[in-house]
Amino acid sequence: MQTKRMTFPGRWLPYALLAPQVIITLIFFIWPAGKAMYQSLLREDAFGLRTTFVGLENFARLFRDGDYLNSLSVTAIFAVGTTLISMSVALLLASTVNRMIHSRSAYTTLLVWPYAIAPAIAGVLWWFIFNPSIGIVPYLLDMVGYNWNHRTSGNDAMLLVVLAAAWKQISYNFLFFLAGMQSIPQSLIEAAAIDGASPMKRFWTIIFPLLTPTTFFLMVVNVVYAMFDTFGIIHATTQGGPSQATNTLVYKVYADGFIGLNLGSSAAQSVILMVIVILLTVVQFRFIERRVNY
Amino acid sequence: MASITLEGLKKTYAGSVDAVKGVDLTIEDGEFVVLVGPSGCGKSTLLRMVAGLETITEGTLKIGDRVVNQLEPAERDIAMVFQNYALYPHMTVYNNLAYGLKNRGFKKDEIEKRVRIAAKMLEIEDFLERKPRKLSGGQRQRVAMGRALVREPAAFLFDEPLSNLDAKLRVQMRVEIKQLQRRLKTTSLYVTHDQLEAMTLGDRLVVLNAGQIEQVGTPMEIYARPATMFVAGFIGSPAMNMVPVEYLHARGANGLLDNLPEGTDIVGIRPDDMHLAPPEGTHLIVESTLQLFEAAGAESHLYVNLADSDQPTVIRVSGQPPVAEGETLRFYVTRDALHPFNSATGKRTGD
Amino acid sequence: MVENRPWANMFAHTILIIGVALVVFPVYIAIVASTHGPGEFLRGTLPLLPGPHAIDNYKAMWNTGLSRAGAPPAGQMLWNSFVMAMAITIGKLSISLLSAFAIVYFRFRFRMFFFWIIFITLMLPVEVRIIPTFQVVADLKMLNSFAGLSIPLIASATATFLFRQFFMTVPEEMLEAARVDGAGPLKFFKDILLPLSITNIAALFVIMFIYGWNQYLWPLLITTDPDYYTIVMGIQRMTTAADGDPQWHLVMAAVVMAALPPVLVVLFMQRLFVKGLTETEK
């Protein structure tokens, strides 16, 4: 890794400059992560009085546990649903905004602010408009004969959290798609226009293929977002229910460890999540390297 | 004010690339010395070693009587003008000039006085409150000079300071730098790859090639008696033509080549020393075919191939002679226009 | 480019207006709900137009909160959120600037090792190590304190990388000129590097502030004392109570107050926000 051609001489200064960040990282990141790995190999009895070393037993149990397997598939559905919805809406909006000249910045302003809303708040907002007794959407759905109730229907609950999570992420995807489109040289679009391609055709044959790097990048980011940053949405609304229909991995770590006080299992789940994050980070970085050279 | 002495200065980078291979040089107090050479010859590295921006692998560097090898740039009492000016973009021109003085703990009124004097000298008084971004290239260049001036250092170091300017401004600034240095008599070391800049600015030139000194001398010494084929080709534009002695013998040399120094197997001829009309006294006659005619206003360049040889050769004549491309041309060269070299050593053989 | 397709433009505007409407809709409903009295919610469906009780609701929320739900006054929670967000933001920026400066402008032993330690924080979000981090903070007696709310979240590989990248683009001559001018490392950092980084700092400030303000899981874990509740996590306490009990007008007033500060930051500093967002992901 590079430094400047010329550097400062300094025996202790660089270490002093790094110290705050490194100390905080060691205490609040590395140490707890190590602790999670250690705890994932232990089991505590119900009263927390005795701990025994159980090896990989906690992991083995997880993969035999129907609830955990269910949580895996819930997380997959949630992540894919959120990514798909928010990315396609964002792509539609970004490509439409991109053709505007005078109103581009006005529309952009109107579309970007939801990024600033906390996931938990986004959850509460959608929870409220879908509220079975007073919400506006169930009222409308009732008119077409659908009886919405996310308190009893797992599918309804899943759809609700997906919508809330996707809604909040649209602005992020929108900004990146828009930036990606604006970095496509105007001359390419002009050449295609002279070659007789209609706007629709220009989008699918020129713009969309050139956006591929952005699209892949956003897919990874959205999956990471859906897996790890949406705890607030689940916790503030469905709390994993009804009957575990929205119990994502991150929520389950919290619920098993903090409410269920099953430390060994929660720690083992943490370790699995770390592996997933590491894999996703590697994918992301591999990919970013390529994106730069594209 | 001080002299600068370089004794066996060497720079070796990790990976054992020798950028500077042992340079001995003394720059007298008040002298303006130009380091000139092609890119990658080590001239900038050498300057940066004097400045303290590069460490010295081997050798001794003295400014005045002080050995400064281990001193920080700020402790060497030098000031530097950078190629891209390196003005602090967030500071006004005034603060750019004052920063070095502030760091050295000068009093406020002394700083004020020095900045005003320098600004006046460089005619940048009107821009003192502006940020560098709002200045033209030429004005930035002056600010960069001003930053060096206010320090009143023992030596100025210039690292290709004019290469980012357009041709016209470059000539103008060249003249101003020369006048300024004459007035202040501050020892100066100036790096450039432009041989014309080097010729016009320097009291003495140091021609560098591949990390070594090829020749040191006044501009006219170097032009009139290049010590090596490299210097001969590098100083002077268009470059000196090199013609094998054997070729000239075969074309009938009139006995003119008989008293060339021993070991001479190639001679250099400046493009201006090849005449289209026969001069007085004994001379060589060489035939050639005109490939390309380039009219440059007051003078013309004739690109020719020597007869029975593919050797490209350039002739410079004043005005615009009535010649056509494809025509056979005869040109004449006198004995004193020949620079004798040995092609194996690359060195001048005598004269 | 000449494009003569009036209907295409109409169509595009229609799509965008629908899009904006969908994005705004949930928030609009929240604002409307926060202007009605409790009676409106007993009647069944939610009104779609604002009512007359806005001032009463916001005042009640600001001053007293939902005491039945165990939530303190919103005014206090907003203050807690602000303190936490500022502490996280300033903390993250400071330690990241310092460590990026060390990594770019010095050569020293174990440089790569430290770089990797910082890099690893990217792979260990709080969400995946909830319990052990809680235990560490509890052992350090940092529960129910602003230090506990902010310090564990300050380490940031993203900000360090961004500054590193930016420092690498600062011309080499800037450092050389400063050294010829007699500036040491700390002087160079303060006089040259910080002023040059100011736009980047501002852009990251916007992003980090939003990040800090929107923290949810962390305050939920380490605050049991309502004096330290932040607004975003406090709302969850209210909704659980409100769901069975129509206090929605007050909850929505709190929701609007919780969302407003970061949304205003984005709207008023949009350029910095966009810069911060796109650069942190590079």
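Going by the order they are written in, the chains are A, B and C; count residues from 1 in each one.
Here is the rule we use: a residue touches a chain if its C-beta (ideal position, glycine included) is under 8 Å from a C-beta of that chain, and two chains touch if they have at least 3 such contacts.
The structure displayed is predicted, hence computed values, not measured ones.
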item	value
Chain pair that, of all pairs, has the most C-beta pairs in contact	A-C
Chain whose average C-alpha position is farthest from subunit C's own	B
Centroid distance [mean C-alpha coordinates] between subunit C and subunit A, Å	16
Geometric centre distance via CA averages, subunit B-subunit A, whole Å	61
Rounded Å distance, subunit B centre to subunit C centre (Cα mean)	58
Interface hub residues of subunit A, defined as touching at least two other chains	6
Residue numbers of subunit C (touch at least two other chains)	176, 179
For subunit B, residues that touch 2 or more chains besides their own	53
Subunit C partner contacts - residues on subunit A that touch it in the complex	1-8, 10, 13-15, 17-18, 20-22, 24-33, 35-36, 39, 89, 92-93, 96-97, 99-100, 103, 107-122, 124-129, 133-136, 139, 167, 170-172, 175-176, 179, 189-190, 193, 199, 217, 221, 228-229, 231-232, 235-237, 250, 253-254, 257-258, 263, 266-267, 270, 273-274, 277-278, 281, 288
Complex contacts: residues of subunit B adjacent to subunit C	51-53, 72-74, 78-80, 82-91, 99-100, 103-104, 147
Footprint of subunit A on subunit C - complex, ascending	1, 3, 5, 8, 12-13, 15-16, 19-20, 22-27, 29-30, 33, 41, 44-46, 48, 94-96, 98-99, 101-108, 111-112, 114-115, 117-118, 120-125, 127-137, 140, 151-152, 154-155, 160, 168, 172, 175-176, 179, 184-186, 188, 210, 213-214, 216-217, 220-221, 232-233, 235-236, 239, 246, 248, 251-252, 255, 258-259, 262-263, 265-267, 270, 273-274, 277-278, 281-282
Touching residues on subunit C, where the partner in the complex is subunit B	171, 173-174, 176-183, 187, 191-192, 195-196, 198
